[in-house]
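One chain, chain A, appears in both complexes that follow, with chain B as partner in the first and chain C in the second.
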Partner chain A sequence: MRARFVAGKVFGAFGTLVFVLVFNFFLFRVVNDDPTGKLFRGRNLSQDQLDRRRREFNLDGSKFEQFIAYLKQTMRGNLGDSFLSRRPVTTEIREALWPTIALVGTSTILSMLIGIMLGIAAGWRRRSGTDVAATSFSMFTYSVPDFWLGMVLLAFFAVKWPWFPTGGFEDAGSTATGFSALLDQAHHMALPCITLTLAYIGEYMIVMRSSLLDTVNEDFLQLARAKGLRDVVVRRRHAVPNALLPVVSLSALNFGYVLSGAIAVEAIYSWPGIGQATLEAIRGPDFPMLQGLFLLLSGSMILANLAVDLLYSLLDPRVRGR
Partner chain B sequence: MSLLELRDLHITYRSERGDVPAVRGVSLTIDPGETVGLAGESGCGKSTIAGAVLRLLPKQTLIGGQVLLDGEDVYQMKPGQLRAARWTSAAIVFQGALHALNPVQRVGKQIAEAILLHSSHSKQVATQRVGDLLERVGLPPHRARAYPHQLSGGQRQRVLIALALACEPKLLIADEPTTALDVMVQAQVLELLAELQRDRGLGLLFITHDLSVLTSTCERLAVMYAGRIVEDGPSHDVFGTPEHPYSAALARAFPTIGDPASRMNPTGLAGDPPNPANLPSGCPFHPRCDKAIEACSATDVELRQVGVARRAACIHIPVEGGIDRG
Partner chain C sequence: MSDVVKTQTTTFSPRSFRWQRRRAATVDFWSRFRGDRLALFGLAVLLTFIVMAIGAPWISPKEGLSAVDSIDNPTWATPRFDYPFGTDNLGRSVAAQFVWGSRVSLWVGLSATVLTIAIGSAVGVTAGFFGRWTDATLMRLTDWFLVIPFLPLAIVLASVLDRSLRNVVLVIAITSWPGTARLVRAQVLTVKQRLFVDRARALGASRFHVIRRHILPNVAPLILANVTLAVPISILTETTLAFLGLGDPKRPSWGKTLEEAFNAGAISRNAWWYYLPAGAGIVIVVLAFTLVGRAVEEILDPRLREGGL
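Take a look at the complex of A and B:
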């Protein structure tokens, strides 16, 4: 029963991935089926030169031929070469991946921990001072656009008081290695990381709070109290594990978004991550890069969904029992 | 010393729409080994009393009078003292159909939690005891590993009884323990409770809206209406020859086995229980009462002595010696 459940979920995830693979190819070609003109706009290229570029980019054959070529190379793990940089897409993505994982991954984990703790404190004592303060704070950071928050933080903490660098991944021309390089990167990451953490906290806090509010009047909490358990133990052992379920699925899904980067915040802080790479590829339009990025994004979302399903069945015996 | 003594207990819930007096002066005593039934329609305040005994009502609730558990005032206890008294002096059998059990924890763990909290037993001893308790309530010990949703309603109710017995309390408060069960299972659960009560000499406060359940389980019966006891006494007398028109209506609502006439024609009680936030003047029962006279809407009658061990609060009962006995 258990194995069939897991196998079914994995099979479903794989099917979705195949669909995405096919869909990605056509998605961008619907918008603009020959980007060579736009890519080399302003440069005086003869028709002959343009045709050669087209051949180079595999844009000369029919749609069907292009599609078959795309499928063949993708199956071999080759995502093609970027139109813009002429380097393999896999290399481009690999280089942008680490900065994004460091930035968005850290912010996701931080905001999750802080948001859940705030949500627990607020939901357990409804309408208390803690609740009002935490809820107002979360509502504010949740509704404010992240690019605005990023620009304000930048204006104050990098320009007015230059405590932090204004952008980039590390000091220009840095040759530092090991620990001092890491320290330099952390210094650069601080502001974008704070921006994203603030932007993400609200969601976790609000979901955790409302989920806990649904739980506080449950009979089993009354029973736990009647047994003689301390309030904090009732909360930790009985209330939070039950209220945590919706937050777990939210968190797992958000981990799927980590690899897609944070387009606005990465752009503001010139962070060389996946978000920036996506922005540039869209401007191109750089088909192979876009296909590669979307495959990465969809793949991580599909994996995250699979993780939610499996995690849920671990945490909630009622899901597993069927 | 009494296991439980309620002295002129008043309970008022506070809400944004105003105060709601749920219990308005209830006095009740339960001695060791005694079984007392508390009956009434929903909203009459009977379950509020169960919560009040272990101080489980919302913090802002106004409590007047006294709740003495083993002679100690529950509302004067320090937090630590209160936690120690909960589940050891008195334990509650919750209603199993509701979410009284934590859905994501195995039932054995939930029983063991109470044992570990109130004793210095090791985990192994506690597990052993959980098995014994489950066996005592008629479940195989291996069901300790089940989650609540894997059990039937009757089995869940048995788990809740085992849970209430975990710390060997002298008083059990059963709050509608059979309400959501079908008649066969209901009978089994009642029998189990009666058996446990006899074997262990437990005091039992049985709260239900089902008067017929109480007469078979309880020696004494108190009928509540609109936050007050309107009649109490030996249960067979109260059920057989009710003095208060409300108890009479409750008793009539159940068909008597062996009496085809009553079986074909159980009489209900017209109207709804009064809104505790807006009670009728005088005797709160008078708008629904078939014996009401004009004076009823003006006079709020206290409990009056009827014979040796019975009291009822009705204007038609002659006042003994001319003094109301509260």
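Take a look at the complex of A and C:
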């Protein structure tokens, strides 16, 4: 039973991956059937030069042949060369991975912790001042475009009052090593990290709050109270653990968004991560890079979804039966 | 609700009965909506912005948007009487961009939502009503689209298509229909179980008739509630796409103003008048839609109403 459940989920995730591959090919080779034409439009290239470019991107042969070539290439881990830098897409992506994981990973964990705590405070005392304040706050942050929040914070806390650097990963030409380099990077990361944390808190708060509200009237809480347990204990030992399940799955899912979550915010703080790379690829337009990024970002989301499904079956035995 | 019972005993023409029932439902809806002061406030804000968007040509002449026509204007002027929101690096009035930007942002937000809901409802109704392999295929497709991350998908789609407002609308719809499809399908599945559907089928009604006369009217409230909550998402997506340079280069939206402000260096110049109005506009409109949407959902969504369907 267990093995079949896991196998089914893995198979489903694999199917989604295949769909992404097909879709990726379809977008960049069928909807946009001659990327070289679009890319070099308006530039005086000789027919010979154009032909060479076309060969470079495997544009010869029928669509089906192109698809097979694309699959083979991707299976070998070759995502092609970037139009802009002429380096392999995989290298470009690998270099952009760490800054994004550091920034968005930290923000995700921070917002998760703060959001859960706020959600508990709000849900446990419904309609209290805390509840109204926390709910209004999350509704407000939901309405604010994250990159605009970044612009405002940047203008005030880096330009008007220069407490933080205006952007980048570390000081230009920095030769610091070890701890002082880390400190410098943390200083650069602070403002984008605050921006993203503020943008993410609301979601966790709302989910935690409503899940706790569903739990509040459960019999086992009545029993715990009837036993004479203090309110704090009822909350911490009985209510919260049972209400945590949706938040756990939301968190796991959001780790899939770590790579793609901060595209516009990274652009604001010129943070040299996946988001910045995406923006440069859009401006190019750098189709192999976009294609590679899309595959990576979808892949990470597929993995996160699979992880959530498996985690859920581990945490909630009711799911396994289905 | 008591009106309905009364009309049933006094009127016999099905057509007038239907209209009376609709009118009663509208009156009922409005009296519930009126009770929510926050939602009323949101509605008032929205109407103000809609009037501004429609009246843009009269409020602020279109020439104000053109860099050529603004060549004699001061650049980076702080707000003053003739330029309420100051001017940008090219001497264009930021207020004019704000007024015209509301047009694009609202228009894209609304039309993308309509298209999203149309695709989502069509898929949801088809899958839910026909079941079996139709359902299996469509839901598989829905699941695939649900898993693919929203923004990257929108970005690659917008990158391969030409930059135009129509394509922005299309991109938003293609990326956001799956949620609606799932919701509508679930609702169709419960409606399909009900006796009046069996009765209509037994009387020989075609499947098309059943969908149009029995399924759709019962799913419509849920769809409508979904619309008001989907608009904010569409507006925010348009803003992000425009900021990333994927919007229509010729039409100023709030997102595009923010992109231009950022690229022109408004941040390092402390030109707060350039980037604050557009952002505030987005926040206010999205908040207003959310307030109205929550109230509409509370009234129309059968799952949130006590007693249920």
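The criterion applied here is as follows: the second predicted complex is superposed on the first by the 305 of 322 C-alpha atoms of A that agree within 3 Å, B and C clash if a C-alpha of one lies under 4 Å from a C-alpha of the other, contacts with A are read in each partner's own complex, and residues count from 1 in each chain.
Rule of thumb we're sticking to: a residue touches a chain if its C-beta (ideal position, glycine included) is under 8 Å from a C-beta of that chain, and two chains touch if they have at least 3 such contacts.
Computed from a predicted model, the values in this text were never measured in an experiment.
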Following the overlay on chain A, give me a clash-or-fit verdict for chain B and chain C. fit
Determine, under the contact definition given at the top, whether A:M301 touches first (chain B), second (chain C), both, or neither. second
Looking at the overlay, what does A:I268 touch: chain B (first), chain C (second), both, or neither? second
Is A:F19 contacted by the first partner chain B, the second partner chain C, both or neither? second
Kindly classify A:E218 by the partners it touches after superposition: chain B alone (first), chain C alone (second), both, or neither? first
When both partners are placed on the shared chain, which of chain B and chain C touches more of chain A: C
For A:K160, decide between first (touching chain B), second (touching chain C), both and neither. second
So in the superposed three-chain picture, is A:F11 touching just chain B, just chain C, both, or none of them (first/second/both/neither)? neither
Which partner does A:S143 contact after superposing on A: first (chain B), second (chain C), both, neither? second
Answer with first, second, both or neither: which of chain B and chain C does A:D316 touch in the superposed model? first
Considering only touches as defined above, state whether A:R230 meets chain B (first), chain C (second), both or neither. first
Overlaying both structures gives a minimum C-alpha distance between chain B and chain C, in Å, of 15
In the superposed view, which residues of chain A touch chain B and also chain C? none
Across the complex, what residues on chain B touch chain A? 51, 54, 56, 83-88, 91-92, 94-95, 98-105, 113-114, 117-118, 147, 149-150, 163
In their complex, what parts of chain A are in touch with chain C? 12, 15-16, 19-20, 23-24, 27-28, 31-32, 139-140, 142-145, 147-148, 151-152, 154-155, 159-160, 166, 256-257, 260, 263-264, 267-268, 278-279, 281-283, 285, 287, 290-291, 293-294, 297-298, 301-302, 305
Residue numbers of chain C touching chain A in their complex, please. 140, 143-144, 147-149, 151-153, 155-157, 159-161, 232, 236, 239-240, 243-246, 255, 258, 261-262, 267-268, 270, 272, 275-276, 279, 282-283, 286-287, 290
Residue ranges of chain A touching chain B (in the complex, touch as defined): 218-220, 222-230, 237-238, 241-242, 315-318, 321
